[in-house]
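When the chains are written out, they are named A, B, C and D in that same order, and each has its own residue count from 1.
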Amino acid sequence: MIKVGIIGSTGYAGAELVRILTAHKETEIVWYGSRSYIDQKYASVYQNMFQIVDAVCMDDNMEELAEQVDVIFTATPQGLCASLVNDEILSKVKIIDLSADFRIKDVSVYEKWYGIGHKSPQYIEEAVYGLCEINREDVKKARLVANPGCYTTCSILTAYPLAKEGLIDMSTLIIDAKSGTSGAGRGAKLPNLFCEVNENMKAYGIATHRHTPEIEEQLGYASGEKVVLNFTPHLVPMNRGILATEYAKLTRDVTYEDVKAVYDKYYADETFVRVLEKGVFPETKWVEGSNYVDINFQIDPRTGRIIMVGAIDNLVKGAAGQAVQNMNLMFGLDETEGLKLVPMFP
Amino acid sequence: MIKVGIIGSTGYAGAELVRILTAHKETEIVWYGSRSYIDQKYASVYQNMFQIVDAVCMDDNMEELAEQVDVIFTATPQGLCASLVNDEILSKVKIIDLSADFRIKDVSVYEKWYGIGHKSPQYIEEAVYGLCEINREDVKKARLVANPGCYTTCSILTAYPLAKEGLIDMSTLIIDAKSGTSGAGRGAKLPNLFCEVNENMKAYGIATHRHTPEIEEQLGYASGEKVVLNFTPHLVPMNRGILATEYAKLTRDVTYEDVKAVYDKYYADETFVRVLEKGVFPETKWVEGSNYVDINFQIDPRTGRIIMVGAIDNLVKGAAGQAVQNMNLMFGLDETEGLKLVPMFP
Amino acid sequence: MIKVGIIGSTGYAGAELVRILTAHKETEIVWYGSRSYIDQKYASVYQNMFQIVDAVCMDDNMEELAEQVDVIFTATPQGLCASLVNDEILSKVKIIDLSADFRIKDVSVYEKWYGIGHKSPQYIEEAVYGLCEINREDVKKARLVANPGCYTTCSILTAYPLAKEGLIDMSTLIIDAKSGTSGAGRGAKLPNLFCEVNENMKAYGIATHRHTPEIEEQLGYASGEKVVLNFTPHLVPMNRGILATEYAKLTRDVTYEDVKAVYDKYYADETFVRVLEKGVFPETKWVEGSNYVDINFQIDPRTGRIIMVGAIDNLVKGAAGQAVQNMNLMFGLDETEGLKLVPMFP
Amino acid sequence: MIKVGIIGSTGYAGAELVRILTAHKETEIVWYGSRSYIDQKYASVYQNMFQIVDAVCMDDNMEELAEQVDVIFTATPQGLCASLVNDEILSKVKIIDLSADFRIKDVSVYEKWYGIGHKSPQYIEEAVYGLCEINREDVKKARLVANPGCYTTCSILTAYPLAKEGLIDMSTLIIDAKSGTSGAGRGAKLPNLFCEVNENMKAYGIATHRHTPEIEEQLGYASGEKVVLNFTPHLVPMNRGILATEYAKLTRDVTYEDVKAVYDKYYADETFVRVLEKGVFPETKWVEGSNYVDINFQIDPRTGRIIMVGAIDNLVKGAAGQAVQNMNLMFGLDETEGLKLVPMFP
């Protein structure tokens, strides 16, 4: 059994890790880290886990953790993982960081968009960007994986094949994304109150959201050129789900079949990416609770653009599910172990 | 592998059967019955099942089905199962009926509350009321199981130990229940439209709801007396979940510990019944997607009443999950196979 | 123009006062009190009021306020109004207190249920319980009105005629109430986060909720006997609305017409109480945004009980609307001025 | 008093007309048309109107209606108004058509996008497109007004000043719009059921939605060039509200102040258009129940684009409110009569 430690186990992403790993055949969670709830029973923080998890919450001691576990998940705010990791820890344990600390290769970009100094830039080069469908082989060999962001996972995978094959003009790419509210975390903040979110919708972080450079970097690798794009997130009154609607000019005249073939080239063998049938567009509910990315597209001959749409569950493929997928790869397990989650509808 | 046929696989309860059985290790669904969608791909009716279920929908031919499968689930409106079942079918196949046709032993009560004639009253006696925690041994031997209703499962299990042990005055029992909207089914009816249900709440079927006699009959067996009670269902703007708040006069002076001991006597060894810790009351979200029943109670010394609260996911323990639990018992499998579903939160 | 000051204008009830008074023909709000947002523009706290309210928030200085306004609304936590009010203030200004400070005549009951000492018990006797339909004449003469609670307004008005006429056995009365989440206020607390409330339902304050003694006292006056009852509130995933389902034994054999006549005796001339037509039961959405109380009942001959159902908008008839109704009465205005709000559906 | 007839009074837009006109000082509704509910009490179809509206529903007889009323609102599916209107009717009564029949000047465009033949193209020229802020003077003189669509109202007004002043490259304009579910109407259709919409989000009508040519035509007039754009609507789990996020390349280097000045040039004196303060972006809840359009923008120097965001209540400014605003203009009333609706929050 792989021994697992979670730092930040009482946030929504951490709790989703617990939900998934509880049903994973090869793992045992031995450390439920949560600075806010030390010594409290985990199941008293998440009553859904009553009689399922008996453990109490522990502190964030990564050094001690490294002695006890095989893999550490850090589901914590930006900066924490970078401030704790060191050579000794990395020599003993694999780390999957759900924060943004090791996602961006250019440390100055990270520091500019996140507004904090990076505490351990020496590990950025080594860290593998854990978008499994794209970096699978590197993930298998990694000891430090930067688990992608929720918006970014959905945004990148939706456009990746077309960026890679040069089918779209990257300078015209616009991503309009919508997210359920669990993405905002479990902090007790006024804008996240039920009565503020329910029956309401808004854009936020316009032209300044931190997932922008992450998407630009990855799609830059795919397309082989520097990418600068608009990314606009929106808050939607639902718990889970991200929908990304993406617009770009096509670089050449293509048919539905041409584009479908390009998507199939990259995704036909991917368990967790479902390119839907012609004319059927993703809905977030169809992936809820699962690790799927649902994708489809529409060519608009009037404007010469293609509209791509992708959907994920932000807590699963957008966070905990992808983290477990990375863990499976890093430990040589079946990539889908623990992740054959059937979407729940309704 | 147990071969399964589902009649009514495209209603919400039927779809939940598909979700659960898809992940069940000992079963294979070979017949997706759906009168409304014959010859259409199941995954086009429930797109969450895309690339998971490849089958097309079939008709309701129970005779042919009996040749092909080991167990039939009927997730259909009242009257259908009773109109199809016969000796030959029952000799070949086990039946788990999710409708009300075989739940009520007194056929005149059934006919009065449901307003239809019963087409095969000769099987009522034989049918076992499939509330697993109470009738486990009978279920194991049954060939025809009447799967309990959603409100009834929650209402009965919440009060059962106290009724059985004579702790409450059954003539004072009042059940005020609240349900998510999936209980209303997938029929395209105006009152179930999003804009009619959302931001709204109402009582319905006051003093006339069909689950009333079912609760009365079962709690009558438990208490050893004829039970007549008030049951009021309410519609709540959420997809899943039933919460039952139950009120009764205590028959004697008891402490928290006394009552807790009574609940523990019946439920301490039950996997799917969780009597919560003192002062912690059920919330529907804590059981969502799972087969759990969460229960707790509060003694009110001012009024001499006890208030009991129970919560289930109406589609799981209130329908498909319990049906699978019954199947597991009927086929000698581990009762929890396919049902170790961790509640999803948020 | 009546000059109005609001202490606590940035809570949800305070904001609803602003919404209603903004459209009231005889009033002008001159003081937007809010300890948390002093010197900030009111419209920056509630952006819906942009270009409608230009004022900035002020502190809670009741003495100064008394110099400037004709009536003060206190929409603040328990204890504040009682700690500020004094003879001089009451000699200058009318006060409508939306907190519980002056609702309960027996100060020991207040102190026991609220867990705080009462700072000015000398005004309790004088204060008029502002349930307009019942205490209209006293309200007209009052200088200090205790505006009823949200649950209590709905619970009392739903049962009042039957209690008054002795049609129900008060010792059997049980009130099962459900509320939207705005009743929990705008405080940034974890249990009120969108993801905790949405798709969830729970009971809370079972046998201990503070509105219990208020309901008992008022229905005690109505029935002429000491009333002890069970009141159970529930939290529902919607912004606004309270639904109260009430159960009691009938004291004598009555028909629908008998009971309807009793309701009509008290409510036929009441603008804001609508006893619905036979068989039509209240839904919270039908009163949303309005000052209506919708009521209906069902006799259950099987159990000898009557089930009464009432619905209000908790922020209007349950708080701000009723407060304005009280103000209208106190100042000799048309009781419905500013309150002819048509319910918004959907 | 202006006598009003409504054809299609029991759809959501029709019901909103009733809500608004009920509180309008200069009008009296004398005809509640509803083919589906003829002879039924209007308040039994919309129980919120109990004791407010006593009338029964009538048929769609426009000829008879023209004898009885001063203005007819048609809140009906496409094609109905065009099939009923004739010279005699237009000589007797003013018509405000909430359908698309007279919105598009090029009948071939209408017939192509709507897939039906136009029954009275001879009135298209005369009909005034009732976007009051833009065509106010023409509306005043009109006898036939084409009330704009919900998405179109929001989409056009959000971009109008910049299109008019040549600040944006119209060939790059992309509109990503999100709507609450009341926009889908009150028809009992499976995709609009609560359990299908709740906790779900999707794009629909991608590159084919019928509001596209309407937006293109109007922004074409504004910019003085032929406009072809992408418009993508999305369905959001809320009752009311449209949010439009619009992207375009700036045609020249501009500052925040430059753009703000352009918006102010067109909207500073408009009661119902609120250009929010710098950095504050529209939320649909801030306009709920009101006739406001809230707008703001963000310049992105990285991409050279401007992102504009607009929000309306789809049933008010997007339908009934704007229709009443048009009526006010046509009859020489105060343009805001009946429309000083304060947004309801929460």
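The rule we apply is simple: a contact is a pair of C-beta atoms (placed from the backbone, for glycine too) under 8 Å apart; a residue touches a chain by one contact, two chains touch by 3 or more.
In this text the structure is predicted, and so the values were computed from the model without any measurement.
Please name the chain that ends up farthest from chain D once chain centres are defined by their CA atoms averaged.
With centres defined by C-alpha atoms, farthest from chain D sits B.
Have a look at A-D versus C-D and report the one with more C-beta pairs in contact.
A-D
Which integer distance in Å separates the CA centroid of chain B from that of chain D?
Computed value for the inter-centroid distance: 46 Å.
Averaging only over C-alpha atoms, locate the centres of chain A and chain D and give their separation in whole Å.
Chain centres of chain A and chain D, defined by C-alpha means, are spaced 38 Å apart.
What whole-number Å value describes the gap between the mean CA coordinates of chain C and chain D?
So the centroids are 36 Å from each other.
Would you please write down the residue numbers of chain C that are in contact with two or more other chains?
12, 182, 195-196, 198-199, 237-240, 283, 285, 288, 346
Mind listing the chain A positions that touch chain C in their complex?
Residues in contact with chain C: 12, 181-182, 186, 188-190, 192-199, 237-239.
For a test of understanding, state which residues of chain D touch chain A in their complex under the given definition.
It is residues 172, 174, 176, 178, 180, 195-196, 198-204, 206-207, 228-230, 232, 234, 236-241, 243, 245, 247, 281-285, 288, 298-300, 302-303, 305, 307, 309, 311, 346 of chain D that touch chain A.
Can you list the chain A residues touching chain B in their complex?
Chain A reaches chain B through residues 12, 15, 19, 22-23, 44, 46-52, 182, 199, 239-240, 274, 276-277, 280, 283, 285-290, 294, 340, 342-346.
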